[in-house]
Amino acid sequence: MKKNFSHLNSAGEARMVNVGAKPVQRRRAVATGKLVCQPGTIRALKRNALPKGDVLTVAQIAGIQAAKRTSELVPLCHPLGLSCVEVTFKVRVTAIEIFCMAETSAQTGVEMEALTGVSVAALTLYDMCKAVDKTMRIENIRVTKKIKE
Amino acid sequence: MKKNFSHLNSAGEARMVNVGAKPVQRRRAVATGKLVCQPGTIRALKRNALPKGDVLTVAQIAGIQAAKRTSELVPLCHPLGLSCVEVTFKVRVTAIEIFCMAETSAQTGVEMEALTGVSVAALTLYDMCKAVDKTMRIENIRVTKKIKE
Amino acid sequence: MKKNFSHLNSAGEARMVNVGAKPVQRRRAVATGKLVCQPGTIRALKRNALPKGDVLTVAQIAGIQAAKRTSELVPLCHPLGLSCVEVTFKVRVTAIEIFCMAETSAQTGVEMEALTGVSVAALTLYDMCKAVDKTMRIENIRVTKKIKE
Amino acid sequence: MKKNFSHLNSAGEARMVNVGAKPVQRRRAVATGKLVCQPGTIRALKRNALPKGDVLTVAQIAGIQAAKRTSELVPLCHPLGLSCVEVTFKVRVTAIEIFCMAETSAQTGVEMEALTGVSVAALTLYDMCKAVDKTMRIENIRVTKKIKE
Amino acid sequence: MKKNFSHLNSAGEARMVNVGAKPVQRRRAVATGKLVCQPGTIRALKRNALPKGDVLTVAQIAGIQAAKRTSELVPLCHPLGLSCVEVTFKVRVTAIEIFCMAETSAQTGVEMEALTGVSVAALTLYDMCKAVDKTMRIENIRVTKKIKE
Amino acid sequence: MKKNFSHLNSAGEARMVNVGAKPVQRRRAVATGKLVCQPGTIRALKRNALPKGDVLTVAQIAGIQAAKRTSELVPLCHPLGLSCVEVTFKVRVTAIEIFCMAETSAQTGVEMEALTGVSVAALTLYDMCKAVDKTMRIENIRVTKKIKE
């Protein structure tokens, strides 16, 4: 464990990392996670909600909007422009999988933006399904790709 | 599966539930979740960061702030006042467990506020530890209590 | 013209109206407006976008989200809770009509919330169609109903 | 109608356009619109409010502030810096005309920022005049100029 | 020093006070503060800016808007509705005095809202005068009145 | 007094300065200010709160978060990215001194960001101590350094 906590100074105090000397680079990150439901919830969604598509679109928009506001939510994140945010879904038998890609040309990476997009899309799905399923849980939110050019 | 999706009308379109006819009641919800890390990350946190306490306090504040802004993040949530938000942590061997309690006197419940507090506290912990641990994931975010008086 | 500008004091200076002495009442307002497009834009929307439904859902969510944040946008509006916001659409031959209903139990009315919901839904439709139609304009935004019980 | 909806993929699903490969250019857009009132409302404004100037200044500030937050309001807009926003007015016999210019050095244009500035300035004027005129409507919001260098 | 820090638990950890058991009461607070400038700055303001009035109106609107968003800025403040916010000014020989009154019917007081209104109005005045006066400072921000009925 | 109010046009009307023609430069500003308390308040803080550290960390996070949102609070400020924000404290006998450094690579300076960080950190300290000390005031907020490279 040689690496340091970049967000802590030598006294263990939290700080924002100074990225002012880093180059502006095109950076991309992908995160994923899932809302685990009962099979009946997925079947009901497929019957009533997914044909119209609204449930997934509402969650997609919520995820995109949240990714754009990551620096308001996560205190030590830098405010930065984003050239793209994508939120997509795969509906499984007992879960809805969520994927979020965020891209920027900036001095710092965007994995927090991708993770925030997944998290808020998951919360939004939870909100829309909570009346029919009291057992749902959000699982396995993590970064799956991080690239800079 | 008799219950209906309260956020979908009969055409499967998303909508905000009208809570205008519901009584104002004191309502409380508790949610939990965890950030799963490598044991070395927890040990390093305990050595460098937890004595000072900043890491957990930053995540606590982020969770409280996000819970207060739930209706900005989750599109079909109602804006409402909150009489209290609490965010607490338990540091385990390979995870940091997060707990969020939200309370209101309103016409609708606050489980989304509690879940949002947990989610953003988890994202904030992730952000502060991501330089030392590339394997972290956020797990098992769920509601554990929901009360109205 | 006997009525006074409630938002101006006797010196002509802007002010927020003090609603502290008004009763809490259930109040509802409906506003409408439309995005006027070329007929080809509407035909293309019907062919490519409306079957999936995303375009209208994205605008609906944007309108709901904006209505909830009216007091952040319109400086002399009061922050208040909303028990419901609905945004709906009628697709005409050369326009998309937008309707927004807002409801509260509060000391002041919600016509600004309804108008804000219509305005931002219209802007969002404009944004999604602007690549195919440079002639669009937003027309006739107005309040059509205002009720208190 | 050859042009495509840039915000829809081939399945008709909404998406944020990826502008990451576009050059950073200085871009400017101007939008306009108007609040149509009764002649008596304009006369009363001229007598009581316009000498002090507050009504127009409040609407100007609201428009500038909203233009800066366009990407929070319009879901598929990119967050970007703005080098200038200007909001100005012309008071006519039965209307207040509103103009908004937005400028950036970015990978994407700012017509949505200009339109948002006009829309929220119009809403703010509406709010301040609604106690004296129940017939007002917001009309003819459109882009009048779009330049890149 | 018998009184306790209401925002700290017995372990010295920060927390949001639970106001859920407190009665809803009409509460009002007034705060004040001043921007201290060079006499020449005030004279120039009086000659160029104050006749038009914009400088004070811009600061007034900024103060009102910030007071409404106090719970977003001050982490342990409760989100609450406001029935009125007033921001006024007195122009002195070497300072602009700022006054902010905030009023609510809620379970907790509004002195933080009044102080936030003063602070952001002062920052806004500073911003508009900073090109002509490098010596300005914001002084003596405090609560002058706190009432509940 | 030769210098002009950059935020006023020749008619004395407020405006946002157009920075579109200025070069992107690395810019840094430092501001300071203090919360003046009774000596007993500082002693109680040292005994109960400062060992745990939460009080200062909460204020630090609030200051950083506010600095990032300066353009939402101060109407004529430009939205811009920040490469770093630091908020630090010195606890004196009768005051807590606050320091905020903000840094950007942008077309305009960041003294307003630094001043906003100090102001909101001060408000947050005030909020946490207000139950034990009714005499506190915020004093001497000013810019102490402004650099561009």
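Labels for the chains are A, B, C, D, E and F, by order of writing; each one numbers its residues from 1.
Throughout what follows, a contact is a pair of C-beta atoms (placed from the backbone, for glycine too) under 8 Å apart; a residue touches a chain by one contact, two chains touch by 3 or more.
Because the structure is a prediction, the values reported are computed rather than measured.
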Neighbours of chain C that also touch chain B are A, E
Between chain F and chain D, is it the same set of residue numbers doing the touching on each side, over half shared, or a different set? different
Centre-to-centre on C-alpha atoms, which chain is most distant from chain C? F
Looking at E-F, C-E or B-C, which pair matches A-B on over half of its contact pairs by residue number? E-F
Give the label of the chain whose average Cα location is farthest from that of chain E. A
Just give me the whole-number Å value for how far the CA centre of chain A lies from that of chain C. 29
Please tell me the distance, in whole Å, between the geometric centres of chain A and chain E computed from their C-alpha atoms. 36
In whole angstrom, what separates the CA-based centres of chain B and chain E? 30
Residues within chain B bordering two or more other chains: 13-14, 52, 54, 57-58, 61-62, 65, 75-76, 80-81
Taking all chains into account, which pairs touch? A-B, A-C, A-D, A-F, B-C, B-E, B-F, C-D, C-E, D-E, D-F, E-F
Residues of chain E that touch chain B when the two form their complex: 13-20, 71-72, 75-76, 78-81, 106-107
Chain D partner contacts - residues on chain A that touch it in the complex: 26, 57, 60-61, 64-65, 68-69, 80-86, 103-105
Quick check: in the complex, which residue numbers of chain A touch chain B? 1, 3-8, 11-14, 33, 40-41, 43-45, 48-52, 54-55, 57-58, 61-62, 65-66, 73-77, 111-112, 115-116, 119-120, 122-124, 126-132, 134, 136-143
Residues of chain E defined as touching chain D within the complex: 52-54, 57-58, 61-62, 65
